[in-house]
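Order of writing sets the labels: A, B, C and D. Residues in every chain begin at 1.
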Amino acid sequence: MASNNRTYIQLFDGSLPTLDEACHLVASDSAGAISTFSGTTRDNFNGKQVLKLEYEGYGPMAEKILQELVEETRSKWEIQHVLVYHRLNEVPIGEASVIIAVSSAHRREAMQAVEYLIDELKIRCPIWKKEFYVDGSIWKGSCE
Amino acid sequence: MASNNRTYIQLFDGSLPTLDEACHLVASDSAGAISTFSGTTRDNFNGKQVLKLEYEGYGPMAEKILQELVEETRSKWEIQHVLVYHRLNEVPIGEASVIIAVSSAHRREAMQAVEYLIDELKIRCPIWKKEFYVDGSIWKGSCE
Amino acid sequence: MLDSDNSKQINVLYFAAAKEITGLSSEELDLPPTLKHLTEILTCKYGDELRKIVDHSLYAINMEYIEKKDEANTGLKDKDEIAIIPPVSGG
Amino acid sequence: MLDSDNSKQINVLYFAAAKEITGLSSEELDLPPTLKHLTEILTCKYGDELRKIVDHSLYAINMEYIEKKDEANTGLKDKDEIAIIPPVSGG
C-alpha cells in the first residue's frame, strides 16, 4: 500500500487550485478521512489594515523542505495521499496562500498530519510574507 | 464580532455540497485559517469489502445535538464561522458522509475546533451507519 | 379514572437495530411511570433481543439524553417522545 | 596560485529583507573559507543593516540549513550556493 501513496508538492505564481481539486487528488476509496487546511490572507494584523500581501520564496529549497516534511509526516502517521500547495507573489486579501490536504483510513492521522505539516512549514519552509499597510510595509517573520 | 459568527448545520438526504461551497460559506476576510474534515465512505472494514453504506438519523435530535456541539466549541476556541453537514440514507463508496468546516483568525483554533466537532459528533450525534457486505449487513457502533 | 390514565400516551421512536427488531419506526404506548417500566414493557412486547439493545442504548426524552443510572427514577409524562438511542456511528 | 584561488566562487542568494538591503537577488563572490568569513565580507560590503539580518538568519548551503553554532567551522567550496534565510513567514 505504502508504495501507492501519492505526494503533490507545488509552488504557484498565481491562484491555487480549488480545495475540491486538492481533495480529488488525495481521495481514495480506502481513505475514510480527508483533512484540509487553507491559509488565507487576512485583511488586518494587530488591528492594522492590510492592503495587500506578497510572498517570496526560495523555490527549489522550499520544495525540497516540503518533500522532507512529507516524508517525516509519513514516518509519524499512517496516511495515504498528501498535497501541499503554496502560492507566491501577490495574494489578494481573502484568497488562499497555502492549501494542505491529507487522506487516511482513519480520521486522527489525517488531522494530526495536516497540523504537523502546516506547523513545520511555517517554521522551516523558506517562504516570506510581506504585508503592505497604508503607512508602509514589513517582512513578517522576525517580529512575530 | 461574536454576534456575526454564522453556523450552518444541515442533514441531507442526497449528496453533500462540495467542500468549496462549504469553505465559501465559512470564509471571511478576517479569517486567516479554514480547517475542514471530510468523512468519506470506505470500501472496506477490517479487510472485508463494503458494498454499500446507509445512514439513519434521528433528524431533529441530531440537529439539536450538533447545535449544542457548536456552542460548546465556540466556548472553547475563538472561531468564526462553523459548518457541519451530514448525509443520510445510502452514501456510495468514496463519497462524503460528513463535512465540517471552521474558520478562525489563527490556525490552531480552527484545527482544534474541527477535531473536537468530529470527535463529539461521533460520540453523541444520533446517527447510525449500516454497512452491507457480501455476506450480510451490520449496524456500526456497539462493536467498534 | 383508570380510563383517563390510559389515555395518557408516549411516543416511542426506534432506530437502527431497534427499528429492525420492532419492525416499527415509532409507536404510541400507554404512559409508564418511569423509563425502567418502559424497558419492561418493551421486553415483554419484543423479547430479549430488544432488551439487549436497550441495555446498550441510552434513552432520550424529548431529545435529551438520560444517563443510564437515572432510568429508574426518571418519570415520564403524557405526550413525551422517547427514543431508544443505540450506540451511534455517524460521521 | 593566488589567481587560481580567486577563480573559486560561491553564489550568494538574498531574499526578503536581505534582498532589499543588497538590491540584489544573488551575486557571485570569491570563495571565503567559512560562513563566518562570508558574514564579515557581507558586513563590509553592505554594512550593519545587513549584519543584523544575517545575525537573525540561518545560512543554507546548497539548500541545507546550517545551524548558527556551526557557522564558524563550516567550510565552503567552489560553486556552493549560499542563501541567507531570514526568519520564514510562509503559510
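Going forward, contacts are C-beta pairs under 8 Å (C-beta built on N, C-alpha and C of every residue); 3 or more make two chains touch, one makes a residue touch a chain.
Chain identities (UniProt): C, D = MOCS2A.
No experiment lies behind these values; they were computed from the predicted model shown.
Farthest from subunit B, judged by the mean position of CA atoms in each chain, is D.
In whole angstrom, the spacing between the mean C-alpha positions of subunit A and subunit C is 49.
Chain centres here are Cα means. That of subunit A falls 28 Å from that of subunit D. Distance between subunit A and subunit B, defined via averaged C-alpha coordinates, is recorded as 22 Å. The set of subunit A residues touching two or more other chains comprises 39, 107, 118. Contact of a single residue of subunit C with at least two other chains is seen at positions 91.
Pairs of chains that satisfy the touch definition comprise A-B, A-D, B-C. Contact residues of subunit C toward subunit B in the complex are 13, 15-17, 19, 56, 60, 63, 65, 83, 85-91. Residue ranges on subunit B touching subunit A, taken from their complex, read 18-20, 23, 27-44, 93-94, 105, 107, 110-111, 114-115, 118.
Per the touch definition, subunit A reaches subunit D in the complex via residues 39, 55-58, 60-62, 64, 86, 97-98, 118, 121-130, 139-142, 144.
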